[in-house]
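Should a chain be cited, it is by its letter among A, B and C, assigned in written order, with residues numbered from 1 in that chain.
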Amino acid sequence: MLENRLKALSAAIVQSYDDLSETIKFGSAALPASKKLVKLLGKLQALLFPAYFGKPFSIPASVSCHVGVALEEIQTELSREVAKALPHLERYAKEETNDLAAEARWLVIAFLEQLPQIREALEADIQAAYDGDPAAFSKDEVIASYPGFYAVMTYRLANRLHKLGAPLIPRIWSEHAHGRTGIDIHPGASIGRYFFIDHGTGIVIGETTVIGNHVKIYQGVTLGGISTRGGQALRGVKRHPTVEDYVTIYSGASIFGGQTVIGKHSVIGSNVFIATSVPEYTKVSVKNPELQYKDNNLTPKNELEQDEFWTWNI
Amino acid sequence: MLENRLKALSAAIVQSYDDLSETIKFGSAALPASKKLVKLLGKLQALLFPAYFGKPFSIPASVSCHVGVALEEIQTELSREVAKALPHLERYAKEETNDLAAEARWLVIAFLEQLPQIREALEADIQAAYDGDPAAFSKDEVIASYPGFYAVMTYRLANRLHKLGAPLIPRIWSEHAHGRTGIDIHPGASIGRYFFIDHGTGIVIGETTVIGNHVKIYQGVTLGGISTRGGQALRGVKRHPTVEDYVTIYSGASIFGGQTVIGKHSVIGSNVFIATSVPEYTKVSVKNPELQYKDNNLTPKNELEQDEFWTWNI
Amino acid sequence: MLENRLKALSAAIVQSYDDLSETIKFGSAALPASKKLVKLLGKLQALLFPAYFGKPFSIPASVSCHVGVALEEIQTELSREVAKALPHLERYAKEETNDLAAEARWLVIAFLEQLPQIREALEADIQAAYDGDPAAFSKDEVIASYPGFYAVMTYRLANRLHKLGAPLIPRIWSEHAHGRTGIDIHPGASIGRYFFIDHGTGIVIGETTVIGNHVKIYQGVTLGGISTRGGQALRGVKRHPTVEDYVTIYSGASIFGGQTVIGKHSVIGSNVFIATSVPEYTKVSVKNPELQYKDNNLTPKNELEQDEFWTWNI
């Protein structure tokens, strides 16, 4: 009978919580709330570019009030989430800290105080996108619609919070941007000024990547780490490449390894795979593919036959 | 005059509904509601990992009540959607079944009864992610933020429902996860234990793919079928590869064909394309790319000239 | 003290608005509202395929009323957004136009009058998806769940509005679809009939691309422009390839350049990179990768050792 089966199932699920308790959290061990954090990210972005990610200020004179109120809100709400995240740091496993709330508040104000510099850095990124993309209609279009800009803006925020030592939250932000844009930038990566990501879907920039200034990266590029299955053994080791100033990396190129350095002004061609360093002013490209011409006597009698001919022989 | 043009347009659109009636559904031929189904997926995920995808239970003692209520809701609402989906099966085109609602209810309870095993399988996937990624801060981070985990969790749910014969819904779930993560796993694919997807964007795992245990796959990997334009002729045929235990497939690799088997413990390098089998304990990698060094006398006089030099000659 | 630091920060942020005023908009210089535009896109899609993207009409007789009301809403709301977008055109920087609202209204009605033809084109795209994908369960599944169809539907709408000269909005729509599907089709691209995108994540189709009829494209394909860092200099130049009728392009292939033409009935293999033209009836594929077999005496003693062996030597 349905009711009984539901009842038994309910018991089995509760049982599974006990068996696998490590990944079940009860009231006490709260986690930062992802949805809340995404909302807060939106408020931060609206503070950086009001008309694009929030409401435009109708009366310029009232701007300072708007900003003051927004800051107060963000300070309060973000502090609450940071206070939930801090206990996940190892050091808290050891000693009990007496005032998480206070520590969170000071961490958040230190973070917010970096907003003006973040805004300045983003202006350079906007310029890079406009200069670098003939399809860019205007800077407004870049800010309002470019996923690459959205991902970089989120990275610059997440990276600062990460540096200040708040766990979980920066990654939740970066994975939100990853989900929205397909661009996966770890908050721990270090990225210079005037950075442009075009299209962007499929880009991966790993935790220990170092990128210089005036670098341009296209969709599907991986700046990756050589992995081992004993992954946690490599925690903290530099596993991802260094990309120097004025480098361009075309779509689908994959660059691996913590010792790999792409020298300044070099160009990495589309679909290239490399795990070794490249000197400066060097161009790397894949060999030409093989072209197979069809025998003219074999002109397909119908579409399906042609199709067999072309596809099954790959 | 605007009003008249709107009126004429309205008539033209209604007319187009009649002309192209096959893709217009009226009340009678309802479809499962995508938004509703995504909400239900969220409720299932909250049931599997309460604190991460739902609200943490504030009082451990009340857990069984929470679970009981959630199960009842899901049973009722999912049954309603399944009842809308079932008539899309061919067999229903023929004979009229007298009790879709009952059939849906039994199908859904059979599905829900698999939640404890699904949860257990997901614990192994979480462990695989934590073990396999040096950047993983904790298992909490994996569950709360890793898109690969979200996609695998959705797959394990969709796959069970698919096996029970509910049409449309599993695919709507998997395409929701695809949209959110960029990872496209067909509900019909078969995937073993301790499976880890890192980064994930751009991964495609086709309908008839078979994947063993302890397999690790990176972003941009395709496990694809050789296609023909007479596609429906191949319905049901095994068109996608088999990947044996302990295989690692690096970013951007593409593996095609239903007869293709990647033997156990093999490693497929980044950006490799293969449509033939690979023996066990084999490493496959692309040839080294060509490096072109710049003539020192040609040091660009300005950035644009350098740019011409490097890009237009690709 | 926290309050003082917040106060000082607030002033600093307001200051940064003045310093970087170009990307700060106040009430006067409004932008089209992205969220509103995405809602409107949804209403247009519901008008094209009622049961799939909106509510199914319960009483067929009332269809014309539903359509009439929806059209009126869209006409009014979309006109408002277009009126905000038009001033971003250069010509408006020069002379002040006296009736933006009227111009917007006529532009929008001209756009809406193309819905029946758009609907017809989409029917052919649905057929292409069903014919081209053995995993397609039904046309219903294609419409309700295929990201490729969602992206093409959005493109066909954005492209018409783009041709009518409305700035910003078409790109906001296409980037919304890009975010949801990972498929980036610039509204300026030209795409023929019976077009099928399978899986789709990571596809980029650039602004000046020209695609014929019966073309099939898989995930991760780039139809890209050779870029220069003086990007805006190339505004308007044909920078992206031409793909003729009956061409198939497999996953991860990258095709670059405005002079590049892929001749009809040709097949571009997976992971191929080309920046030169390909004659008709030609198959292009990458060279076979190198296989490295493991020395049998070196059978790894444990998983980690094996792992070292296989990965660090890449």
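We adopt the following convention: a contact is a pair of C-beta atoms (placed from the backbone, for glycine too) under 8 Å apart; a residue touches a chain by one contact, two chains touch by 3 or more.
Since the model is a prediction, treat every value here as computed from it, not as a measurement.
S.K.: Are the two sides of the subunit A and subunit B contact the same residues or different ones, given that same means over half of the numbers occur on both copies?
M.R.: Different, since most residue numbers here occur in only one copy.
S.K.: I need the rotation angle between the copies subunit B and subunit C from a CA superposition, between 0 and 180°, in steps of 5.
M.R.: The two chains, subunit B and subunit C, differ by a rotation of 120 degrees.
S.K.: Nearest whole angstrom, what separates the Cα centre of subunit A from the Cα centre of subunit B?
M.R.: Taking the mean C-alpha position of each chain, the two centres sit 21 Å apart.
S.K.: Any chance you could list the residues of subunit A touching two or more other chains?
M.R.: Only 182, 201-202, 220, 227, 229-230, 248, 250, 252, 256, 269-271, 285-287, 303, 311, 314 qualify.
S.K.: Quick check: in the complex, which residue numbers of subunit C touch subunit B?
M.R.: Per the touch definition, subunit C meets subunit B at residues 47, 49-52, 56-60, 63-64, 67-68, 71-72, 75, 105-106, 109, 112-113, 115-116, 119-120, 123, 126, 130-141, 143-147, 180-182, 198-199, 201-202, 216, 218-220, 226-230, 233, 248, 250-252, 256, 269-271, 275, 285-287, 289-294, 299, 303, 306, 310-311, 313-314.
S.K.: What part of subunit C is in contact with subunit A in the complex they form?
M.R.: Spelled out, the residues of subunit C in touch with subunit A are 2, 5-7, 9-17, 20, 22-27, 29-32, 34, 88, 167-168, 171-172, 175, 178-179, 182, 184, 186, 188, 201-202, 204, 206-207, 220, 222, 224-225, 227, 229-237, 239, 246, 248, 250, 252, 254, 256, 265, 267, 269-274, 278-279, 281-287, 303-304, 307-308, 311-312, 314.
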